[in-house]
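There are two complexes below, and they share subunit A, which is joined by subunit B in the first and by subunit C in the second.
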Partner chain A sequence: MSDLQKADAAQSKNPGMLKAVLRNPLMGVLAVLIVIFVASSILSPYFLTPYNMSVVGRGLAFVALVTIGQASLMLLGELDLSLGTIGGLCGIVTGMLMVNAGMNPWLSCLLALCLGAALGFINGFLTTALRLHSLVLTIGTAGIYGGAILVLTRGVAITGIPPEIQFLGRGTVWGIPMPFVIMLVMLLCAVFLTLKTPFGRYMYAIGNNRDAARMLGIRVDRIRVLVFVLAGALSALAGVLLVARLGTAQPSIGNSWVLGPIAAAVIGGVATTGGVGTILGAICGAAIIGIIENIIVLFGVSPYWQGIVSGAIVVIAISFDAISRRWLRKES
Partner chain B sequence: MSKFTLTLAALACSVTAFAAVAQDAPGTKTADSYRFVIVPKVVHPWFDKVNDGAQMAAVAIKAQTGSDVEIVYSAPQSADVVQQNQILESSIATRPDGIAVDLLDPAGNRASLEDAKSQGIPLTLFDSVPPEGMAIPYIGSDFCEQAKIASRRLVELLDGKGKVAIMMGVPTAPNHSIRAECHREVFAEYPGIEVVAEGIDNDDIQVAQQQAAAIMQANPELDGWVASDAAGPVGIGQAIVEAGKQGEVILVGLDNLNEMIDLIRDGVADSSSASRPELQGYWSVMLLWQQATGAPVPSFIDTGNAFLTKDNLGL
Partner chain C sequence: MAFLEARGLGRDFPGVTALDDVDIDVDLGRTHALVGENGAGKSTFVKLVTGTDRPTRGTIRIDGKDVAEHPEQFGLIAYVPQELSLFPHMTVTENLLMPFEKSGHRGLVRRKAMEIEAQGYLDRFGIEAAPSDLVRNISVPDQQLLQIARASTNTGMKVLILDEPTSSLTPIEVERVFRVIRDFHDRGVGVVFISHKMDEVFDIGHDYTVLRNGQKVEAGKLATTSEDNLIRAMSGEKLELGSAFRPTTARADAPALLTVERLSGERFENVSFNLHAGEILGFAGLVGSGRSEIMQTIFGYRKARGGRVTMDGAPWELGSTSASVGRGMLYLSEERKHHGIFPQLSLRENIGLSILDLTNSPLGIRARKENEAVDRIIDEYEIRTDSREKKISLLSGGNQQKAIIGRAMATDPRILIFDEPTKGIDVRTKAQIYAIMQSLAERGVGIILVSSEMDELRKCANRIITMHFGRMTGEFDTETTDNETLVGAIFSREAANV
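Take a look at the complex of A and B:
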């Protein structure tokens, strides 16, 4: 019996399993990611080189950490536009603690993560206590946190980051960039939390219908605040890792982490209205964006055309995803 | 062996030795084609002029040597060091014959530059200085001197007395912050000059216009403006025209964008202290090409600043 026949036989024995896999909303975005990855490998001789893979992986790691936080909030139906400035402010603070105050670098990093969690708590507390829409509130807090960066630095980067923590941003583990390894660990934790724990189920329940979740006895506001705290801490981690990568604390850290993670989550199938999508899908979305940004440079696309090219690829990708989902729904 | 045979043998030896030396001599490596990557700070008209200069150099090399030179211009969409490093590292992956970069932050770009160096890719910096301890040839002009030329001109036009304002550009960009600081230093030398306001335009003409309009409303006695970036004076000029303060508020601009030249021609701006982006692009490519041929190159080329007025522009 050939391999093909064996596969057919296995499929006929268990037809539900394949359909279930195909019906998984993650499959669409994963297929798009694989197509883009394979096409890039074929079209550019430079794409699959170990150096370029480490460039893509490292670049993806920082934005993916913020995407995990943002996607978790989006599952609740929330949006935090201050995550970028939280990452930037925590990066600056960790730099100031290490360089200006001479504090132990590891303790500085830890305090920066705590600061990120605290800033996330402020966002969550104000959103729940004042019954404000998180999108509107975090426009304001993003301004405050971003302003604090300028007040603290006057626009000047903090240099002289101790070499012992630069391993976090520049080092590798078996050739894999350290930030990517850390991001993978955080991703696994987030996937486990959202899909395998009651906390995760409550998140989906709140995102689907907040009032119904409250009636079921779920402590809605507590969970919302906790997710804001986690998102803040993850952004702070991204900021700290980037400081370790650059060897300086840049006031511009986090500027590109505002819309990118939201776009990544949406491409990955996370609904802005809450309750739909997965963290893994959001990271696939981030990877799609990361690869597109990379291949645009590898192909030498003019900077004036880059927006059009990357936008068009994203539109094609999400259209393909939407069409495949509709087809699967029809099939089922 | 006859004398003639001996002379011939000696001649042959010396020709062979000379040929061997010539083959190994610096700057003698040749190639049919070169591919150089230009990575500016951000998509901006000032860097388009750098690219124009780079293209001119490519044409010149082709004309002189017959080698094809491809210039790949790859600019970040925003002035973000992380984005610039991504572009830099993706460019390194394509194994070009050289990369010219305008560093957003020398320390922040260091790891990417080290990657390029470790892979033997020639580097040149323009409009910026190398990170501490890294030997990379660089091209540029003195930002501080450029700013001081403008602020001294304003002081001269105001006879050392008056209220002035500074547009700061992007506060996180080192060249903008250096220029703003040097403006302040010059004004501090004159007790009759008072800096009444400072604006941030983030190198955006529209933001500069809004900031300048607001500052002029809040300070109706304002006498003059200087800027720290190329977009700033263009926005300030537009705000002066809209407020009907042409001739009342003096503007000494910065750089040589087409809009800046128009403002000088229309009498809205008195003059401009300009760096020379085309020259920086031209010599960036020339330095990369020289490095690719194995020639030794100077550690710094100063392209200088030009002081542009209606007279010397022939307007």
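Take a look at the complex of A and C:
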């Protein structure tokens, strides 16, 4: 190789920053998010008000916590349909421990997180040990965990959550809702874990090709179980924070945390087949859905129509992303 | 005038000319061998003449008609890809006759009638499976032939393109494919035969075209050229493939690095052997003789039924790939796609997986360290790519293989198991891989080489163990054994001098 060729090769090994940024699949979702945000600000005078922002942020926080877990599982090629009922059950249990058993609120929150981790472990352990598809298994466990909520509550909310933990749901830090701050911390941890640690690399490897990962000596099943545990704990955290926010433990907590996070992750570029996408993208997806749902309310769309409208916009967002990605690929 | 006629054919991709000014004529009733290294432009050519891609320059005429105006002419060309593309959980019949509208079975699925028709094809192509068998249960050569049979259910077919139809077959099975090809000659079908196996090219072919870097460098009649000449044309240089790559460091009297005693498992029984540091130990046998299963069992990917393995005299934990890797054993699978690469990840991420100890820090994986280490491997193993960030699935097979080997090397292994390392890989890259194996062994690594190419084993291995249907039939010193003895041991049920 001549020196000139070498220099050429070295340059092409380090493609320009701009190109790298443009090629990053995250850009598609980010662009959609910004467009929707700007459009909402222009279209509705109420959108960018501090009050509305804190409503959107707080609402997003709970779903986003579950989305972090679900997207991590999707990177592995798994899906957990019981994350919603895990969040709900853990919220109920923390409420019962505090109110009915009079336990220290902090301790009961901690126990609820452990319960979430344990329920996640059950999902992961059964999936790996029985070699089931997690989607199928968690249809079953979602039924069990959801049934447990009804057995425990008989459908009645638990009221009288001690005020000392309510700031977890209602408080603010520099004007930012507390749940949103907690979600951001978790998001940072998850981004670091998935992109900067060997554990994260192994997650992508397993999602891409489980057999090849085993051939490389990666402890595939251990990592899969661990991610189920983390996802379970994150859902429990969402459940506990929502209980703190509402001041009551409602049996309906978590009902909307099943399909929303999956849709958010897909909008954000996470493939349901595994190995592709980022957690940050998934959270952008969740934010897109959150803003759309908010703007529909601000526009005064009839509640009966809200489902249809928000669903249609989700479909449009997904197709926009798919089309832009195909276009980018053609360009490169 | 030839039936299929390409003139001045060219195809540009951003930054590369994949095919440049290529003329090729394919006549009916003959076999035209298309040879060249990986990335020489063979696949691009196939895509153009089958109509899956459009040329940037040049014309294609099929039966005298320019396809630019008569795209229906592409219907006269059938293509059988190298990778099996069958539906494993459906029956032989369904695989043969789908889509049903095309094979004349309109309306509801009538199984009996279809199976009768399918049987005709099975007889003609010498496929030993029954029409109602599930494809995943039939043998690899039967699957290969079924793919060819499926292509020819297209009754209008005049030219059949076969892309490395023999890469996973043993000599006897190859003969079955050749019988089918000769039958096509008699029926007036033109065959384009793409292969890296020179002996097969000369066996079945009439005409040839050599591509190199997208250009036609030579063409003519095979009868008037030689294997050496073709290899020289493909690589552009004289290759010393005839020379031996046997490590000089093999010491049979040295203490064994790995000892396998009476190991049994899925599809093999009672296997015992020693591996020494500094040698290449070959495993010969037919496809399905249990060689890969043995290696995967030792490596911990499959369960053992019985037996004992020790490394440096200490017991070896069976059943855990991570324990095996931890003790310095690596297995490079024959199935690159299924067991080797992470298709959606970049070359950097694929290689980076095995050097995380080196690149990781309390602040996470250091991008610069990783980039440098990956670039070193790209250079050292001559992986051809325009960027380390390129998706690995976009690289050619040979470059993927070099990346996998480079990744394995980065872990400083003590035992390396190569399972068919040169399957579907061009001659020049083959020589590179042989040289890599040799130099590793001479640095003290113990290497096991599983191969179906006797030539490859003879060139590389110090000792060769022969397998027949899951049992060892012999162990030979390559230096003092002739080919016939080895081939005999592969085909005989009787244990020779074990």
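Here is the rule we use: the second predicted complex is superposed on the first by the 317 of 332 C-alpha atoms of A that agree within 3 Å, B and C clash if a C-alpha of one lies under 4 Å from a C-alpha of the other, contacts with A are read in each partner's own complex, and residues count from 1 in each chain.
One rule holds for everything that comes next: a residue touches a chain if its C-beta (ideal position, glycine included) is under 8 Å from a C-beta of that chain, and two chains touch if they have at least 3 such contacts.
The shown structure was predicted, so the numbers you read here are calculated from the model rather than taken from an experiment.
Visitor: Are subunit B and subunit C a fit on subunit A, or do they clash, once the structures share the same frame?
Guide: Because the two structures are overlaid on the shared chain, the partners are seen to fit without clashing.
Visitor: Touching A:Thr172 in the superposition: subunit B (first), subunit C (second), both, neither?
Guide: After superposing on A, A:Thr172 lies clear of both subunit B and subunit C.
Visitor: After lining up the shared chain so the two structures overlap, which partner does A:Phe192 touch, if you call subunit B first and subunit C second: first, second, both or neither?
Guide: A:Phe192: touches subunit C, not subunit B.
Visitor: Is A:Met215 touching anything from subunit B or subunit C once the two structures are fitted on A? First, second, both or neither.
Guide: second
Visitor: After superposition on the shared chain, which partner residues are touched by A:Thr272: those of subunit B (first), subunit C (second), both, or neither?
Guide: Touch partners of A:Thr272: none, neither subunit B nor subunit C.
Visitor: Quick one: is A:Ser256 in contact with subunit B, with subunit C, with both, or with neither? Answer first, second, both or neither.
Guide: A:Ser256 sits against subunit B, while subunit C stays out of touch.
Visitor: According to the contact criterion defined above, which of subunit B and subunit C contacts more residues of subunit A?
Guide: B
Visitor: Between subunit B (first) and subunit C (second), which does A:Asn294 come into contact with in this model arrangement: first, second, both, or neither?
Guide: first
Visitor: For A:Asn104, is the partner it touches subunit B (first), subunit C (second), both, or none of the two (neither)?
Guide: neither
Visitor: After overlaying the two complexes, what is the shortest C-alpha distance between subunit B and subunit C, in Å?
Guide: 35
Visitor: Kindly list the residues of subunit A that each of subunit B and subunit C touches, one partner per complex.
Guide: Subunit A residues touching both partners: none found.
Visitor: What part of subunit A is in contact with subunit C in the complex they form?
Guide: Checking each residue of subunit A against subunit C gives 12-13, 15, 20, 192, 195-198, 201-202, 204-205, 208-209, 211-219, 271, 275-276, 332.
Visitor: Going by the contact rule set out above, which residues of subunit B touch subunit A in the complex?
Guide: So the residues of subunit B in touch with subunit A come to 43, 72-83, 85-87, 89-95, 104-105, 107-108, 110-111, 115, 119, 170-173, 177.
Visitor: Considering the complex alone, what residue numbers of subunit C touch subunit A?
Guide: Per the touch definition, subunit C meets subunit A at residues 14, 299, 301, 321-326, 330-331, 333, 338-345, 349, 352-354, 356, 360, 363-365, 375, 378, 386-389.
Visitor: For a test of understanding, state which residues of subunit A touch subunit B in their complex under the given definition.
Guide: So the residues of subunit A in touch with subunit B come to 46-47, 49, 51-52, 55, 59, 62, 150, 153-157, 159, 169-170, 242, 245-248, 250-253, 255-256, 293-294, 297-298, 300, 302-304, 306-307.
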